[in-house]
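Starting off with a structure, shown below.
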Amino acid sequence: YELQVAEGYVPGRVNGLAVMGEDSGIVLPVMAEVTPSQGPGEVIATGQLKEMAQEAVSNVSAIIKKFSDEDITQKDIHIQFVQAGEGGVDGDSASITVATAVISALEGVGVDQSLAMTGSLSVRGDVLPVGGVTHKIEAAAKTGCDRVIIPEANLQDVMIEDEYEDMIEIIPVSHISEVLDVALEGEPEKDSLVDRLKTITGSALDKQSVSQGPSSPSPQ
Amino acid sequence: YELQVAEGYVPGRVNGLAVMGEDSGIVLPVMAEVTPSQGPGEVIATGQLKEMAQEAVSNVSAIIKKFSDEDITQKDIHIQFVQAGEGGVDGDSASITVATAVISALEGVGVDQSLAMTGSLSVRGDVLPVGGVTHKIEAAAKTGCDRVIIPEANLQDVMIEDEYEDMIEIIPVSHISEVLDVALEGEPEKDSLVDRLKTITGSALDKQSVSQGPSSPSPQ
Amino acid sequence: YELQVAEGYVPGRVNGLAVMGEDSGIVLPVMAEVTPSQGPGEVIATGQLKEMAQEAVSNVSAIIKKFSDEDITQKDIHIQFVQAGEGGVDGDSASITVATAVISALEGVGVDQSLAMTGSLSVRGDVLPVGGVTHKIEAAAKTGCDRVIIPEANLQDVMIEDEYEDMIEIIPVSHISEVLDVALEGEPEKDSLVDRLKTITGSALDKQSVSQGPSSPSPQ
Amino acid sequence: YELQVAEGYVPGRVNGLAVMGEDSGIVLPVMAEVTPSQGPGEVIATGQLKEMAQEAVSNVSAIIKKFSDEDITQKDIHIQFVQAGEGGVDGDSASITVATAVISALEGVGVDQSLAMTGSLSVRGDVLPVGGVTHKIEAAAKTGCDRVIIPEANLQDVMIEDEYEDMIEIIPVSHISEVLDVALEGEPEKDSLVDRLKTITGSALDKQSVSQGPSSPSPQ
Amino acid sequence: YELQVAEGYVPGRVNGLAVMGEDSGIVLPVMAEVTPSQGPGEVIATGQLKEMAQEAVSNVSAIIKKFSDEDITQKDIHIQFVQAGEGGVDGDSASITVATAVISALEGVGVDQSLAMTGSLSVRGDVLPVGGVTHKIEAAAKTGCDRVIIPEANLQDVMIEDEYEDMIEIIPVSHISEVLDVALEGEPEKDSLVDRLKTITGSALDKQSVSQGPSSPSPQ
Amino acid sequence: YELQVAEGYVPGRVNGLAVMGEDSGIVLPVMAEVTPSQGPGEVIATGQLKEMAQEAVSNVSAIIKKFSDEDITQKDIHIQFVQAGEGGVDGDSASITVATAVISALEGVGVDQSLAMTGSLSVRGDVLPVGGVTHKIEAAAKTGCDRVIIPEANLQDVMIEDEYEDMIEIIPVSHISEVLDVALEGEPEKDSLVDRLKTITGSALDKQSVSQGPSSPSPQ
């Protein structure tokens, strides 16, 4: 099967990006739906998520719950990595993809299908750096995406070949509100949604200028 | 025991299709029932489902909860793979079978017993491609089924032998609403049910034209 | 200890049948009780049930919840395999035994203690075929049972020796309502109970004529 | 430490009996307490119970919930095997001991401390046979108990030596109501309590005369 | 770090005693706090408790729930073994320490910090014997404690060397109410608290005179 | 990536300190967010916390629940170790970091980003000693932090080299209220917040003067 990135805007569907093996990227779409819950609302993610991916979903859920406020207590949030396959999903680099898919589903606002994205998230909405950015950008370009969102802290890592440079626009971001500003459809509604997201999580955004890298200490 | 596909329409029972070993298919019926719950409603699937099959049921439940709205909070959804045997059920290709069985049980509308089906599902109702389509179609034909539903994205994979070609009609679909339009009994009620399903999940259907294949990346 | 099947009618106690090793059967009684629950009602089965037996209980619970309607939300259903021993209980062939014991306990209606039974169940009340029917019938006869219920789809498998033929009456059934019609005590109350069970689960019964054998495919 | 059985009546404390190794018995006391619950009421048993012992507690809880009716939904039932040690508790032969301790605690009625007991239970109150009866009776006698309750179905197994015969009275029982009639203190209150227990669970008692032995089949 | 036992009275902090390796004791403090709960109240113990220690906390919770009555349903009980280390906490000998810390925290009454204690508990408040009493008393004395509480049933095990005999007072107890009478601060309030505890759990205390030793049978 | 400690005050973000391998420290930031809950409120910590770290979060939650009172029952507390990596987080030395991040998020008060901290906590607010203090202080200094909080009981362990001595101010504390007094922004509001924290947990603080070291006994 050949993956062709779609045209137009679709609610609840976002083109994520993943690394395959050592040196190639792939587009890995995330779909989301918000439904009435059975019992207390839950966040349910499928695609055989490994531990770091499950924790990333848990961090994203903090932003979702804050964004939707009391409405969320009676709702189940479904998140599906539609092409995860048997290998499952690892790492936290789909965090902004998941957040965008869920907020799009929650608000019924379309997401640009010619856009791909990668980025980790803090529970307060900061976009954190990820690995494999160059391979991911190339995969997005090859599949026909016009634009790709990456964490601002990863700009220094981008080393794409000339052939891709003109095919795809790279958009660095440092907060989830910027991601939604780029990804969502519909001017006036989108702006109010982005503003609400800024208000809720914006304090860390305004004052913090830490460049946080992916490292692996074990505190004692 | 010899399996003979039944005549007529039965609520809560759908002929699914599965692959046995390398190169043969089998009809694997799914039965569903909706009951008052003990405590918060649950979706309960039996047949020793392995992880991907369990996640497929979880994805289907998103559509069911959306379709039945608040009614579902006090109900348990029972899904039974009646001939799963000790090997259990693997993969996500019974997703449209499960969705059809549950909606049929929920609405008390009969399902065509001379029809078989295979197809994966997104949480928003898109029918996604599966493996082993040719073997499954042949198994449906051999058992006496008159029609078989497959994902539109799998049409390119169909290579059935001449002997089966005249025995069975192949119906490609790309959204769960089409599956129910084909499978359910009773003209005016069915149409309203199908329309409701379209309204609820239809936005992804209208605009998306991505051909998504079954691949297995591991994002990082 | 020597097991002697009892005389008369007892509520909440049913003679099930099991296979021991390769070629012998045994009477394995099931007892049930319905009690006020602590928290949300639960179905609790003891006798060290293995996975298939646990799933069989789960399927039976669909029928019980449907039958007793809202009443069940505040009740715990206790199911005990009183002589399961350390080996525990495997398989799904005690499904009709469990269903009969629970409905008898729920309604306070006695079950014929000179009757034994074996049969699997769908979530909609269809009696499905099981293994070891001949050995089970012989065990029922040896222990002094006068009648034995088996799935209609297993009639073809019955090969009992002449000595048992006159000792025991074989009653084939295809729906749980027939099981209760044979097993329960008390004419007018029983009939209304059987009718209610037919109304609730009867649609599959009326139209379906599939002969489903015990096979073990693994769908993909 | 040397165990000396106490004099008099104590609520919530019952002398159970267990088998140690191959050929010796031991007095193993059970204590119970009933408290307000945190959240839905629970039955909590300590003493490192293995699976069969845990299931026995679950079966006993059916009788307790039936006996105390709606009152139990807001209460936690604590059951403690006070001298279980690191080996923990196995088997189901303490069932009548646990039932007696809990009902005594629930009603605030004292239990005879010069009495010991052993016996399994059905969820409907039938006392079922256990193993090691002779060793258990001798242990009860050696420790100074005056009376010992055993299942009626175990009478055939009693082969105690002459020296113990005059030390201890053996009381065979077939229903939990008989156990409480023997064990509890206080004539008029006890009788009403025993009557209530008979009414609730008595139907199986009246009509059943099955002699059920401890065997270990594995149904299929 | 050198542990120096504190002066004065502190609410929610009690000096427990533990055995290290073969032949030395150690002071192991327990701290407790009672807080509003999130959802149904829970008893939460930290310090990497092994199974017997966890069960001991469960037994203690029976006394706490009984003591605080309905108030407990909306409260979380936190219990912390502040110096448990990576080895965690084993055994049930900290039961009276935990009970005292929690009741002190619940009532806001100070505990004597120059006192140490060891003892197991029944769910009805009886203090049961423990191991390593002599080593524990010596550890309490070495650390500067003035008094140490031990189970009355352990008095026979005390073999402390002359040098410690004059340093520390040994107080044998047989019921949790005696422990609190010795440990808590503030005369009139303490007496009413001790009386309430006696009323709630006192029946077993009055009549029972069993000397129960720590043994490890496995009932069948 | 190079970590540069930020300027100014940020709510919900605190510079923790961890030990890497044998002899180096690292700044390990903790971020927190408080959101509406789905069902009963939960404390959710990500960063692949090992058992001791999970228990430390549980201990901190006692203080949080006490501090925020009934408000907490409908809220989820999210805690994220943003750079934990695949190795995850071990030990309890981030306890004061977590407590500060959560209270800052709960109250919307900024935390000094030029401050780092390390310290364990009791459930009553006492700051307990930790390991690796010298390496941690040096790591804080190297990264540009101006001040570092350590447990008072660890003052004796500080052996930093001359080069760091003038770069960083060492602040010893013995209670969580002192940590917040140092870390939080905004004079009059902060003082009232610190006072409330003292009132709630202060009793242990006033009277206790125990120097507790990190040891690992196993009580029996």
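The chains carry the letters A, B, C, D, E and F, assigned in the order they are written, with residues numbered from 1 in each.
Note that in this section a residue touches a chain if its C-beta (ideal position, glycine included) is under 8 Å from a C-beta of that chain, and two chains touch if they have at least 3 such contacts.
A quick note: this is a predicted structure, and the numbers were derived from the prediction, not measured.
Where subunit E touches subunit F, under half of the residue numbers in use are shared by the two copies, so each contributes mostly different positions.
Averaged C-alpha coordinates give centres for subunit C and subunit D that are 30 Å from one another. The geometric centre of subunit A is 52 Å away from that of subunit C, both derived from CA atoms. Each of the following residues of subunit A touches two or more other chains: 37, 39-40. Taken together, the touching pairs link the chains into one ring where each has two partners.
Order of chains round the ring, from subunit D towards subunit E, by the touch criterion defined above: D, E, F, A, B, C. Across the interface of their complex, subunit A is touched by residues 1-13, 16-20, 26, 28-29, 31-33, 35-40, 44, 46-48, 53, 76, 78-80, 82-91, 93-94, 105, 108, 110, 113, 130-132 of subunit F. Contact residues on subunit F toward subunit E in their complex (touch as defined above): 37, 39-43, 51-52, 55-56, 58-59, 62-63, 65-66, 69-70, 72-73, 75, 122-124, 126, 128-129, 153, 201, 203-204, 207-220.
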